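First the structure, then my questions, so here it is.
By written order: A, B, C, D, E, F, G and H. Residues from 1 in each chain.
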Amino acid sequence: MEQQQLLKLLQNVAQQTLTPEAAIESLSKDNFEELNYAKIDTARVRRTGYPEVIYGAGKTAEQISGIIKVMKGHQKAILATRVEQDKATAVLQELPSLKYDAVSQTLTTVDEKTASVGNIAIVTAGTSDIRIAEEAAVTAEIFGNHVTRIYDVGVAGIHRLFAKIDVIRQANVVIVIAGMEGALPSVVGGLVDHPVIAVPTSVGYGSNLGGMTPLLTMLNSCAAGISVVNIDNGFGAAYNASMINRLIDKGHI
Amino acid sequence: MEQQQLLKLLQNVAQQTLTPEAAIESLSKDNFEELNYAKIDTARVRRTGYPEVIYGAGKTAEQISGIIKVMKGHQKAILATRVEQDKATAVLQELPSLKYDAVSQTLTTVDEKTASVGNIAIVTAGTSDIRIAEEAAVTAEIFGNHVTRIYDVGVAGIHRLFAKIDVIRQANVVIVIAGMEGALPSVVGGLVDHPVIAVPTSVGYGSNLGGMTPLLTMLNSCAAGISVVNIDNGFGAAYNASMINRLIDKGHI
Amino acid sequence: MEQQQLLKLLQNVAQQTLTPEAAIESLSKDNFEELNYAKIDTARVRRTGYPEVIYGAGKTAEQISGIIKVMKGHQKAILATRVEQDKATAVLQELPSLKYDAVSQTLTTVDEKTASVGNIAIVTAGTSDIRIAEEAAVTAEIFGNHVTRIYDVGVAGIHRLFAKIDVIRQANVVIVIAGMEGALPSVVGGLVDHPVIAVPTSVGYGSNLGGMTPLLTMLNSCAAGISVVNIDNGFGAAYNASMINRLIDKGHI
Amino acid sequence: MEQQQLLKLLQNVAQQTLTPEAAIESLSKDNFEELNYAKIDTARVRRTGYPEVIYGAGKTAEQISGIIKVMKGHQKAILATRVEQDKATAVLQELPSLKYDAVSQTLTTVDEKTASVGNIAIVTAGTSDIRIAEEAAVTAEIFGNHVTRIYDVGVAGIHRLFAKIDVIRQANVVIVIAGMEGALPSVVGGLVDHPVIAVPTSVGYGSNLGGMTPLLTMLNSCAAGISVVNIDNGFGAAYNASMINRLIDKGHI
Amino acid sequence: MEQQQLLKLLQNVAQQTLTPEAAIESLSKDNFEELNYAKIDTARVRRTGYPEVIYGAGKTAEQISGIIKVMKGHQKAILATRVEQDKATAVLQELPSLKYDAVSQTLTTVDEKTASVGNIAIVTAGTSDIRIAEEAAVTAEIFGNHVTRIYDVGVAGIHRLFAKIDVIRQANVVIVIAGMEGALPSVVGGLVDHPVIAVPTSVGYGSNLGGMTPLLTMLNSCAAGISVVNIDNGFGAAYNASMINRLIDKGHI
Amino acid sequence: MEQQQLLKLLQNVAQQTLTPEAAIESLSKDNFEELNYAKIDTARVRRTGYPEVIYGAGKTAEQISGIIKVMKGHQKAILATRVEQDKATAVLQELPSLKYDAVSQTLTTVDEKTASVGNIAIVTAGTSDIRIAEEAAVTAEIFGNHVTRIYDVGVAGIHRLFAKIDVIRQANVVIVIAGMEGALPSVVGGLVDHPVIAVPTSVGYGSNLGGMTPLLTMLNSCAAGISVVNIDNGFGAAYNASMINRLIDKGHI
Amino acid sequence: MEQQQLLKLLQNVAQQTLTPEAAIESLSKDNFEELNYAKIDTARVRRTGYPEVIYGAGKTAEQISGIIKVMKGHQKAILATRVEQDKATAVLQELPSLKYDAVSQTLTTVDEKTASVGNIAIVTAGTSDIRIAEEAAVTAEIFGNHVTRIYDVGVAGIHRLFAKIDVIRQANVVIVIAGMEGALPSVVGGLVDHPVIAVPTSVGYGSNLGGMTPLLTMLNSCAAGISVVNIDNGFGAAYNASMINRLIDKGHI
Amino acid sequence: MEQQQLLKLLQNVAQQTLTPEAAIESLSKDNFEELNYAKIDTARVRRTGYPEVIYGAGKTAEQISGIIKVMKGHQKAILATRVEQDKATAVLQELPSLKYDAVSQTLTTVDEKTASVGNIAIVTAGTSDIRIAEEAAVTAEIFGNHVTRIYDVGVAGIHRLFAKIDVIRQANVVIVIAGMEGALPSVVGGLVDHPVIAVPTSVGYGSNLGGMTPLLTMLNSCAAGISVVNIDNGFGAAYNASMINRLIDKGHI
């Protein structure tokens, strides 16, 4: 409960423009809508500047459709991640105006392109990391960011990275995505002067341990300026990068 | 090797203002200075916008002193982290102009206070997390950031957090530091619209596993907008936050 | 072997109302029934106040049916958990009077509703935790407890929890179910003055580690008054909560 | 923020008996007191029925003394756990009315004995588990519970447990404490019809893994009615047991 | 290379009844037969008293058949473990005289029953542990041991174990098989004066960790006289028990 | 509670040679003696054929002395393991007739040598494993077994093992003790036809993980006939080996 | 960027035989070719002496075909590993001149046999390790090495290894492949005076942990001269062995 | 037992120049010398081309001295690793001709410098890795290799590595030593065409996990040509590198 909001409300009550009961009502109202299986956080845009996003894994197609229908009354951009092909097909029959991208497994609204700001570079170590990179890219784009993709520049052939380093340096924020041993963020972090968000992927085998190895590598990076999100969490990296990119674009808040 | 730099150099060679050998020389020169036990990255300020920092753990007092002496020729601000009391005493005898802070275990230069910009909030869950918070605070301050400290507002008494939430929301970036189960960043992340950098600490016992438990908690946070650094890595969090804070302060780069 | 029971028995023997051999017989008899593949603990109601429950995973439909048939001679309420759809179908052909619930994967007797006592609140962090919550709810109800469901009030939108906190506070015991990072029990534990039983779920990805992350989070909670059961163990939580709820309802034992 | 409290406050504001600013003030006031290094949750008794407790590990003697002095203005019973001998000595010089118990490493107020209610049985598997058992016992007693101690009845000589089972069954709640392989709670859980709270201890060697082995054993117990707290967390177990014991004692809430 | 054998051979060479080359030949010969994909240890009976056994997992039906055909020239009893139904069907078409047991997943020779010696008790905690118990039972029987089966006597209803304890005590060796938390061997170990071999099974869920939890429990047992084999390794337990049982049966070697 | 014992008792009661109350009394009596901090299992010799042993770690010198004094009334041989030098010194002042061995950290009674039976071979991979080997040797000897020591025959120089293999083969049971990678039991297990008990030690560094690596190696051994005890558990291995050795010595039980 | 290359380039620029822009161009050109989903490191042969290899897992058949087509312009030998049967079939329709080997899951060019040099011994512990061994063998052969295969000589029947030890000793490098407990490399390492490269495999069950157990075993080997590659990484072992074998064959570089 | 040796021996026996018993004798003799606590593998030089080395950790100064005295009769070069300062002082009093190096913690013979061959590059990521690097360097030098040291060229300032890459490329074998995240070997492996041996160190904090993180990083390296040894195992890396270096130096064996 924020003191700012509360003070205003109390003043209204003091000025008798609001009954105590209506004040209570207004406090809870408009904050979330209640479905049988979900409480949709409709106050989220106001509170954090970003609309709520649907994490599709573990939800049925019916639940996803139901949630999107409620959301549409509160926010313009819709994003659902981790939606498998068959669920997407079912949702699209209900909501044919949405767009499904099979690589990133995302369902989004197809807005006439809003002007995007700033610049986020999305860099991958290998070809197999692209599906996570695209989850990040779609997320960043729907939140209004300009995205630059640089794929397959891992450290085993480091000249490929150097050939692209000037492009990477022009971005406000850099997302670096790598599986296997996850060494790429350390090298990038030593070469750029902007924040680097590292995303470990579950690409690899043997002692890769489902992505735990690159996760640990990235957390222990000897290069400063790197922070890390969960394994395969392209969405989270893009959400973070978007926050930073847009704040930089706006200047001092 | 950056193409920008290289092109300029090649043009000088083409214009005969530089011999090929001198070009090679100038490429390596000024990039690092070589001690017996260390290669000091003197090009770092130019390359990443930040001076090199000394990680004191595992280095002798002699090595720390030696590295600082070289650094002083290349950068104004000196920061050494993880310097234990006895090492600090030895370094201070050699370099009495430095200042040692026993809580954060840092050695720094005592500059006439430079004007600091922006605002970084540093929030801890408990009293025992303060030593990591101070490592972050000292780091952020020496890099020219304004810092706001909010300590001991963990989720077991969540009204303490709500009483401070407006102060936290005024910051450009929020560093949240927690041991035990590490739940605080998830709650803060759901309440603010700016980037949150989470720092797990090794505070706790039993199945805390030396900080692995809050680390995992933070990586799996259901709140978006959170990224994570290594256990007890107050320095890394502040370095990241400083990058973001200063970019926001400057506006579009 | 309890001294109370033993003394009575010995007195009967001393009074020659029972031969030594019959005493031995009566000690083992009525304590369990022996099938080829199972020894059914028919003394359980008498010993612990609760009937034996069938853990369906790893048992064939034939074994489940066989065990239920024996149990029916000893106890009124039947509960089988972790029964997959196809096994349930097979069991229902043998025992059509049972009821199968596909969400909670439980088979139960359909008694004319017995009056239920007390109140157990079952709270989930997300939509995907509902299947575990329903296992808990069905268990609690068949054991004669009143249940209140509060679903999808995770910490990323904490105002949803606050809107429901008064309802939660009216319960004797609170079961809190969460996957991802598992932070919800810590917050609830700090707000209520009744016992909280935390259930980690295997909902999540990456470093969630099949539920180990929320399990560790809950064990390390900085809020007192929380105890924890195994990952996805909705049954166990409800069993515990039921014991507490009914003891409170009865007052001092 | 609870709706009950809020409604009352709003009514006062509406009735002009309280200015909006004073309302804000009164909301935060009395909720915590702010020291330099801690925010003491003085509203805790009112909110959860239990006073705040000091976790002594990682705090200096000065911080412990400082916090106790503040607390004394708000609550009668003081409990500090994990206070090592030398810290305790320093605190006792400042606050000589406290009592230190070296086995349980607790500092407490020495009240004229308040009448204690109900009954909590504290059972250990071995002699080495006693220090954790005493932390639990001291905690339970200061919170006004009657405690019965049954020590060293581990499963390797299970007749020792059977000789004490009738005493254990008379308790409202049973705390079972075990290191090594942690099998005791499973056996006790199968013999009693009251809630069992299991506490794994770090007693053992080799693959005991600092208590992780008995922790996992207890979480996977095949006996229902068992919940678990963190390794060596005698305090947490007693806090839980106390909540349950006192609710049972009072009957329906 | 054993000195006994070598001395005899050297004496033959010294007595010119064997050329050096023939000696070398005879040393390697008869020790194993070489297939394309396997070297069958035909000297094993002589060396360890037990014939080689086929571990079926990871081998094709053709490889299993091929190996059995070679073995049949060297040993009477054939045992193949971990043979899935479809592989078994294929092998039986080639070798119809073998017998397949679907519960234990074993292929064996059907000898006219040889007289079996001694007594091995095989005890399980639950119904789901039976498949591992039967792997142990089939193995022990084909190696000529008498087997007594006692299934489903886990610690949650410990009176079931006590009712069978006299039968268990009559065995030379006791194999105890348990999943979940694996507490049964500790209890049995405290009650019998013969060696106990504990077998953890992967039966369980959540933090059972595929059997690692009961494995750790058993290794840390507070009862002496227990040794442990790998998770689900019914064969290994029976092999061990057979060695001990037959040595006891024979008396001092 | 055994049916044999119970029947006899019941017959006495039936024959009025025993009152019911005296029967109860006699059932618990003589089974354990109760100290403040321990319940000494004095029925253990009768029940398992072996006296109770004191695990010294985590007990004070006073507790060790106190327990030994009670034990002396019930059993001839006393064995306390894991007793550090300073504790031993304190115990010896109280009980000067005991003998302390600093390598194995054991306190024992110095009996006129009883005739020992059978033969247990104790084999180590390296020099650093000797302290665990001696714990095993002292244990085996006090339980009346003949012991043969073969130290430092690890697989890196496997000819050392072959030179001793005939001696090893003459034992009834073989204890193999190894740290580092723990490969020795697999090799020994393939060469002998008697039971092998493997003891992993915490000798090693890096990814040895405090003995977890040799523990896992031994559990996964491709050689049958090997069972495993906990890391550094020389006592447990010897206890097991003693049971087997003495049963073999006696022949069919 | 290497100084050798750079100097030559700078001299050309100085001599005006190259414009600065063309120099930049030539630096990046010929170093990699850019597809939509991959940057093929065509400079690899020149830089490391070995052509780039395709890791097939996680790539589509289209991507594999596309990359091979580009590679064919730059290198003679093509090797793709981890290509499953169905992907291989699709690639072969596009590129029918390639050869697929189903055991090793490799796609290769079928060159008229080039003369191979040196000798690499590939040794496996069991039959199930052969698929990894063949990945190593195919890799070594396409890189121009002579290969000797010795399969199924694990330590449980160590005489099989001794019978082959002279053949193994004739190789320049030995690759030892083992699952289960992974003890074979330690034994081989103690018997040969050439480098041993150990490959753990995921063959095993229970606490084998997907190959982590033999991996740890090999890293902790008490025999010197052993280095280790990732679980199931036959390709990596062969690549290493090939480097060493060919350098030895050429003599001092 | 090698067939070559055996054939010669058998021929001697056949020619009556050796009795069978003397043959047995000669087989075991000269292969190792037996101390009370160790069996020194004096045949090692003959068998593997390298003398035995003493691993000092876990041995007393007396044991180290004793072993060295025996070794001196069989080999010229003595190397003891992991010898702490105080043990070294004690050994040097007995054996004053040895030399102790405190950084690498090695005791060695001080031979008039033998001509060293080939070239091994030892590369570290940081200053704190030097103690492991020196263990490697001392080992390589006493085994007759030429060593080139390149310290502190980690990936956070990758231009330092590029400035030294030509020197590194001139070595036959490269040892790369790194703690923290361990990314350096991947980068080096992509730039050189000779074998790279990676050594993870326990340098780091938080989730470095005592070196497990760089170990996993190195095993998962996306660059081929890298093999790995145990954490902090400078000796093992040097032993491997020496084997390769000297074989290359000699050319085809």
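Throughout what follows, a residue touches a chain if its C-beta (ideal position, glycine included) is under 8 Å from a C-beta of that chain, and two chains touch if they have at least 3 such contacts.
Treat the numbers as computed from the prediction; the structure is a model and nothing was measured.
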item: More contacts between chains, A-G or A-H; value: A-H
item: Most distant chain from chain D by Cα centroid; value: G
item: Intercentroid distance (Cα basis), chain E paired with chain D, Å; value: 49
item: Euclidean distance of C-alpha centroids - chain A vs chain B, Å; value: 25
item: Chain B and chain F, separation of their C-alpha mean positions in angstrom; value: 54
item: Multi-chain contact residues (two or more partners), chain A; value: 1, 3, 156-157, 162-163, 190-191, 206-208, 212, 215, 219-220, 224, 230-231
item: Chain pairs in mutual contact under the definition given at the outset; value: A-B, A-C, A-D, A-G, A-H, B-C, B-D, B-G, B-H, C-D, C-E, C-F, D-E, D-F, E-F, E-G, E-H, F-G, F-H, G-H
item: Residue ranges of chain C touching chain D (in the complex, touch as defined); value: 1-4, 47-50, 53, 118, 162-163, 165-166, 169, 172, 190-195, 197, 215, 219-220, 224-230, 235-237, 239-240, 243-244, 247-253
item: Chain C-facing residues of chain E, complex; value: 127-128, 130, 151-153, 156-157, 159-160, 162-163, 203, 205-208
item: Partner chain E, residues of chain H touching it in the complex; value: 1, 3, 6-7, 10-11, 13-14, 16, 19-21, 23-24, 27
item: Residues of chain E that touch chain D when the two form their complex; value: 125-126, 154-158, 180-183, 186-187, 189-191, 204, 206-209, 212-214, 216-224
item: Chain C partner contacts - residues on chain A that touch it in the complex; value: 1, 28, 31-32, 37-39, 41, 43-44, 52, 57-59, 63, 200, 202, 210-212, 215, 230-233
